[in-house]
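Report on the following structure.
Letters A, B, C and D mark the chains as written, and numbering starts fresh at 1 in each.
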Amino acid sequence: MICFTFHCPDRPGIVAELSAFLAEHRCNILALEQHVEQDRFFIRIEWEDNGAWQDSDAFAADFCALPVSVGGELDIHFFNRPQSLGLFVSREPHALLEVLNKIELGDLVDAQVSFIIGNVDHSAIAARVGVPFYFVPTKDNPDFEAQQLEIIAKHNPDFIGLARYMKILSEEFIDRAACPIINIHHSFLPSFVGAKPYEMAYERGVKLMGATSHFVIPELDQGPIIEQDVSRIRSGYSVEKLKQIGRDTEKKVFAQALKKVLEHKTVVFSGRTVVFE
Amino acid sequence: MICFTFHCPDRPGIVAELSAFLAEHRCNILALEQHVEQDRFFIRIEWEDNGAWQDSDAFAADFCALPVSVGGELDIHFFNRPQSLGLFVSREPHALLEVLNKIELGDLVDAQVSFIIGNVDHSAIAARVGVPFYFVPTKDNPDFEAQQLEIIAKHNPDFIGLARYMKILSEEFIDRAACPIINIHHSFLPSFVGAKPYEMAYERGVKLMGATSHFVIPELDQGPIIEQDVSRIRSGYSVEKLKQIGRDTEKKVFAQALKKVLEHKTVVFSGRTVVFE
Amino acid sequence: MICFTFHCPDRPGIVAELSAFLAEHRCNILALEQHVEQDRFFIRIEWEDNGAWQDSDAFAADFCALPVSVGGELDIHFFNRPQSLGLFVSREPHALLEVLNKIELGDLVDAQVSFIIGNVDHSAIAARVGVPFYFVPTKDNPDFEAQQLEIIAKHNPDFIGLARYMKILSEEFIDRAACPIINIHHSFLPSFVGAKPYEMAYERGVKLMGATSHFVIPELDQGPIIEQDVSRIRSGYSVEKLKQIGRDTEKKVFAQALKKVLEHKTVVFSGRTVVFE
Amino acid sequence: MICFTFHCPDRPGIVAELSAFLAEHRCNILALEQHVEQDRFFIRIEWEDNGAWQDSDAFAADFCALPVSVGGELDIHFFNRPQSLGLFVSREPHALLEVLNKIELGDLVDAQVSFIIGNVDHSAIAARVGVPFYFVPTKDNPDFEAQQLEIIAKHNPDFIGLARYMKILSEEFIDRAACPIINIHHSFLPSFVGAKPYEMAYERGVKLMGATSHFVIPELDQGPIIEQDVSRIRSGYSVEKLKQIGRDTEKKVFAQALKKVLEHKTVVFSGRTVVFE
């Protein structure tokens, strides 16, 4: 299977141009999703790989010749190899376990975890599934980002997932990691930015609490949102109980966001994530 | 705005053929949704009316010339006039009130209620919104279906909605009504077919109960499902409380189903309803 | 039926003391809900009225003699008369219509609307249900709060509901209204405080949007939250569509919050609302 | 902590009698939940263990002396030791993994898995968490129930969980297992009884599909329901996709049901499960 996402200024005839291009190359469209938002045209098309193009570069070269390509942005992906994922974790491993389980069960698109970095030791969990674990303490270790970047450079992952990694990434780190980074935040953003969302939710007396998965940008908890969900809170629940319930929401939202990213169903534009179904 | 839904056996090139056809007529596609299910291709396209066709017949005539049209089924709709709705009701008016309110607020596509038929008198509600109400008793009145059909024939509605009308329609009535009929059933079908779903749900001890809106066919509660939703039941709720909570689910599901039908976002194929987003 | 809510510092034996008190007066407890939160004991008890007390004052007098009453707060209510509700509305009447419908259907505890005040004319809606409507413009009318307070004083409602009333209440108004005021805010508080939540939700690209019903305090949108709910947003939804979907969430949340208040199932303590089931 | 659930025919004064009994023994009630359903009184009380009773037998002996105990049913539990769980599994391990993870994370009440029986080999998963795995083939092995019962007898678990075990249990097996058995069924019962619910849900075109956890009784899929949840289905989803989405619902519902059982928050009466919050 091959898919691309594409967005450009809207004008008549884009669908016709794109589908004619694929028809010329005898591609069978499996799924097409399209919408216009604030005069911007967004599309995602999936088709069976019929060998018309060898690889992404060959496709992009042909695509560039289309009039519509001017001023647009293309993401093309051939699903002919597993994508690799680097995972970061701190004390709580529930989001990490969820992702590892889903990969094992085949419930994420063909993906593999190439490494796990923790500032708390979770080597036993990593060993179970045969993934290298790197313990990189962040306390009393001024070089921790450099050490993490070295590991990243070695494994060169397609994506990095922060599976409840409780340390703020520096702007330089984000730049140098050189791949999209997906975080799970334990609140319904934009409510309760920061490190203590369950305590803040309790204090405010909200009746639903949530979790948010987003792309990481230098501004803390401000990145484009990929997925969110909520759970109902009843009166009398303690902060501890909120955290316990929250773990289920967090792991579900994080896995769902990673699935969308690995399926190439997300496009970031103007600070927002367009998510295809 | 104009839209069509179309479905046909799947093969390569359908999207290209359809979008080229629209591009030739200089139509600007606003939204396109498409998927393949069990080798059947389903599509819905919306575009701005640019005067390329006068009416549905003119469009259909051109469409018939397309190779893809063979073996397919087309529904074309020009949103250039309000669609008319006939509503049936029995004792409980909550679903009726919801639809009347939504139309008043402009939250259903340009629609108007042309008549209300009840086997219980709700003329006061009808009077509020200036819609004719026909009281047609079903008890001790063997001719009630003939009387109802006469009213239908007079108003000739595009669709009929059964807003908690608690009488089974005969096969002959369905045939002669000659327009799609949408029902709201007060259970999560296929569970609890029949007239006492809340009592049955209570007895069985389910933890969620639901409502189902479906197209009416001669087989009771077996028609193609358009929309469903559920509410959570807690231990200790009486049957009365289930009914009260259920009313909110019923009215929401019924209004949502009518909205999809009025937006021409439903296609019935092989006993199932395909619903576009 | 009679019910009370009560809260006090926690210590052993409170339930025993309270239930013995009721048993002495031969009251049959129908429902009891109790929990401890941060060393505070919260309880709500419902029982059949057996004539043991004539009215709230008689009950409160006996209750005061209990050792547990010291340092606690009691709310006692005899459900022997309809409670009265004053409603405020601005341009959009969906939340108003929902409450009027629910009262008509008997889906709110025995309640009646004693007046509707609008800064936009909705007298036709009020006329349908035989409720006095007062048009009090807020533009170019510096005395509008005084005029509203005069109407409130005349009708003396048990509660005031702001059914999408888009004007900020002054601290003096809140004081002088002298009854609890329940608002529906069109966002998932504490996100998107202020007048343009749907626009802000769109900009931020959230994947769920919500509504919040809360008691009104002088600080804008900071009052104790009674009820919240959310709806899912899909990519491609316009701000207009968010508003349309939002109306359904708003009216549901507002009606649910009023129901809890009218059933005397809410207790405000320490800036939060405890809500009994 | 200690808790009991109790149910008996309703009459005035039960709460007073029970809470006075606990107050006499200087017990501090932490949580009390009570309701009346069809003239039956249901209650659950939690209190801090103050050493008033050595064990369940001592408590039950004192409880029997209460007038209210006549005609009632008591379940008393001291949370002073981990409860043991035996798990059965077939081909799909997602529900098993979820329970193992939750126990590891401390998100189920103090519990331990004492054994896993599979008719498919999942010994690697069991080895990870140091739990004995027994491979008991059910094909071409007429003695499989006897072999399973031998393992059960050896480990003597408090509860058995069927974590997507796809073999029908005989009435004799259920009797001889001699402990409550909790199943997860992959549909929203009572819809789609049997082995192919996702295929049936697809055929019927339902818009939500669900999962149900229930106590096992000899009648297939008819046992008292503990917990249910649903997921939304969109048009175009294949049966395979329904199964993938379904796995998330199944594992969540199963873990939630086990949690309620392990917290002694369930009471079975008259074919239904009363579930306390």
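What we mean here is this: a residue touches a chain if its C-beta (ideal position, glycine included) is under 8 Å from a C-beta of that chain, and two chains touch if they have at least 3 such contacts.
Bear in mind the structure is a predicted one, so any value in this text is a computation, not a measurement.
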{"item": "Least hop count linking chain B to chain C through chains in contact", "value": "1"}
{"item": "Which of A-B and B-D has more C-beta contact pairs", "value": "B-D"}
{"item": "Interface sides of chain A and chain D: same vs different residues, half threshold", "value": "same"}
{"item": "Distance between the centres, which are taken as Cα means, of chain D and chain B, whole angstrom", "value": "40"}
{"item": "Averaged-CA centre spacing for the pair chain B and chain A, given as whole angstrom", "value": "38"}
{"item": "Multi-partner residues of chain C (at least 2 other chains)", "value": "31, 35-36, 234, 236, 277"}
{"item": "Touching residues on chain B, where the partner in the complex is chain D", "value": "35-37, 42, 188-192, 203-208, 210, 224-230, 234-236, 238, 271-277"}
{"item": "Chain B - residues contacting chain C, complex", "value": "31, 92-94, 97-98, 101, 104-105, 107, 128, 234, 236, 244, 247-248, 252, 277"}
{"item": "Complex interface listing, chain A residues touching chain B", "value": "11-17, 19-20, 22-23, 26-36, 277"}
